[in-house]
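Letters A, B, C and D name the chains as they come in the text, with residue numbers starting at 1 for each one.
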């Protein structure tokens, strides 16, 4: 296999990329300047170097400090901890513009086929809670997607926390369900209608 | 214009129907049995006869009684009145399975271009409230779509009711916003994320 | 079932119409003027009266004459007969703007599950050919969709005609395959590429 | 800008990639094994090394030989030369399974805004034709997309070749137009219908 075909087959392993887009990526790189290709190679190489997983929130970031810039930010509110499935959900919550608490990246959602929590960092989350309680934590927000996997994950995380912190004054909440921006009643599913009625105000 | 072309052009005036689907409808009717066509004609004709608008909720229904079967149903809860834009929103709320109150069909939403409430039955809604209060009404739920037109309509209806019932113990609520079923955080708009955080529980 | 629900369930039998669009159609008719509803009813009723199937091409049209306006048009070229699956394919070929021959509507395509030609008017087509040959017919164009059902139909019609007209100077052709307007090579399937190469010129 | 953000912004320059997919690619690489990242880096680096453009067909391939494996393949038929817009169109024609001639990659299509042929290798194509004629070339197939840009490119290439080879017995053809696999007549545009009728057989 020559290097073009090898790179195509590597791009095919990227999420959501099929053979044609993989081929287009390689054509794009072939037509790019050597300096852009060099920049690209260096950026990929530096992922293995400067990038590391923050030991507190578990997200990836490139920093020489021990913890990431968010976890070390004293402006964030220690009363709140949002548990999310993946790094990109942090960006989504930040776009909302109102959340000022800390984050913890669980690393995925429960697979419904297996109901297993393999690979999810539930233990690390539990281990981090005592220190967070001391720092003022009062509410853990389970910010998972509004789908069966997200619901199953919320149930498992909730149970695990409740078992460990039965006596503690720790509130466990989930993101509210209802009509998303743009929703028309006519096209809303019964579950969303039900939630929208329950959370009316 | 022959009768096939005339019927095609009439179907083209139906909501969401273009020339090709209009043609397909006519082909469908041409291939149908004469008895199905007769049944269809009779059903359309009866819209002009037995169908009328309920004077209480303003929805269309076919009944010989004065008010529709929903408004005359003593099992419904008079404490709640859901104000909706159109007849089909009633079906959507009923699909939710939890709402047991009454309805009022406003007949549309405010047009953002004009900000006018022409054609909306705000006056009829206001006129119906005193009798509903006597019957036990405590909450008016503004159940409009989660879009700018729905929001503008809610503002106008809210103001009109507040002006008329300042002293009355009448609660005004709106359907809750948040993640709809199936939403992933990553694709949610900032407004929905904000609402989902506010309405967490 | 009241007349609104009955009309909704009738509209649900229309091709491509689900419960929500059926409901919207009924709301549209409810809000329409009585005169539009009357016009609509009359157009549907006239399908059973003035509309009939042309005994030559088998398409539906409303005329008091024996054969349809196309089959009785002396400007059409008797050398060509296009055999199509349905009435709407006639409109498609006419939009092309170059075909001046006659048509025959077969009434569908072969079902691949059954390989049966039930309901297809192959016998009527065969019966019509002798008179068409006398009138100057030299080419039968099999104008079926470019899919497996269309291909299977072409095979059956071709065989039936060949069996009956082995000695006759009758040409049997099919619509050309190749790149459709807008096609890019990259997204074209191998069969289309192959046809485009074969029919190059 | 840290290395994660830098790599995201580099991926955003890839064709068809927006900020979210760029972020997902970086997450994918972060979660990948160091050996996969190394393999990836080496494949990109080798594009600048072993890969070069074939001086005959102008496509990119990785070879130490002077010309690419296709141009040096004596099994290919020198009677035919397919002129294509880009490298990926070669793959498309090969998928057809019937073309055995040689290729020439023009490097794009004419931009309709400018009608300019800047960057297209029309001169290199012309320069290559005398040697190809000596080797037996009889037909140049203009294999461009079936869109206005492709048509404009075909016109320009055709004119350039005709001007240079007026006396030569060189056939100039284009890929056939017609119904693509899966096309139904009802949805085909008039131009495609017209071509399908013209190229019937």
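Following the convention adopted for this analysis, contacts are C-beta pairs under 8 Å (C-beta built on N, C-alpha and C of every residue); 3 or more make two chains touch, one makes a residue touch a chain.
Composition by chain, UniProt nomenclature: A, B, C, D = Recombination protein RecR.
Owing to the predicted nature of the structure, the values given are computational and were not obtained by experimental measurement.
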Same or different contact residues where chain D (Recombination protein RecR) meets its copy chain C (Recombination protein RecR), judged by the half mark: same
Centroid-based (C-alpha) most distant chain relative to chain B (Recombination protein RecR): D
Mean-CA-position distance for chain D (Recombination protein RecR) and chain C (Recombination protein RecR) (Å): 38
Intercentroid distance (Cα basis), chain D (Recombination protein RecR) paired with chain B (Recombination protein RecR), Å: 54
Centre distance in Å when chain A (Recombination protein RecR) and chain C (Recombination protein RecR) are each reduced to the mean of their C-alpha atoms: 53
Where chain A (Recombination protein RecR) touches two or more other chains, by residue: 20, 86, 88, 91, 186-187
Residue numbers on chain A (Recombination protein RecR) that touch chain B (Recombination protein RecR), as the complex places them: 84-86, 88-89, 91-93, 95-99, 141, 143, 145-147, 173-201
Footprint of chain C (Recombination protein RecR) on chain B (Recombination protein RecR) - complex, ascending: 2-4, 6-7, 10, 13-16, 20-21, 23-30, 34, 36-37, 39-41, 43-48, 50-51, 60-63, 86-88, 91
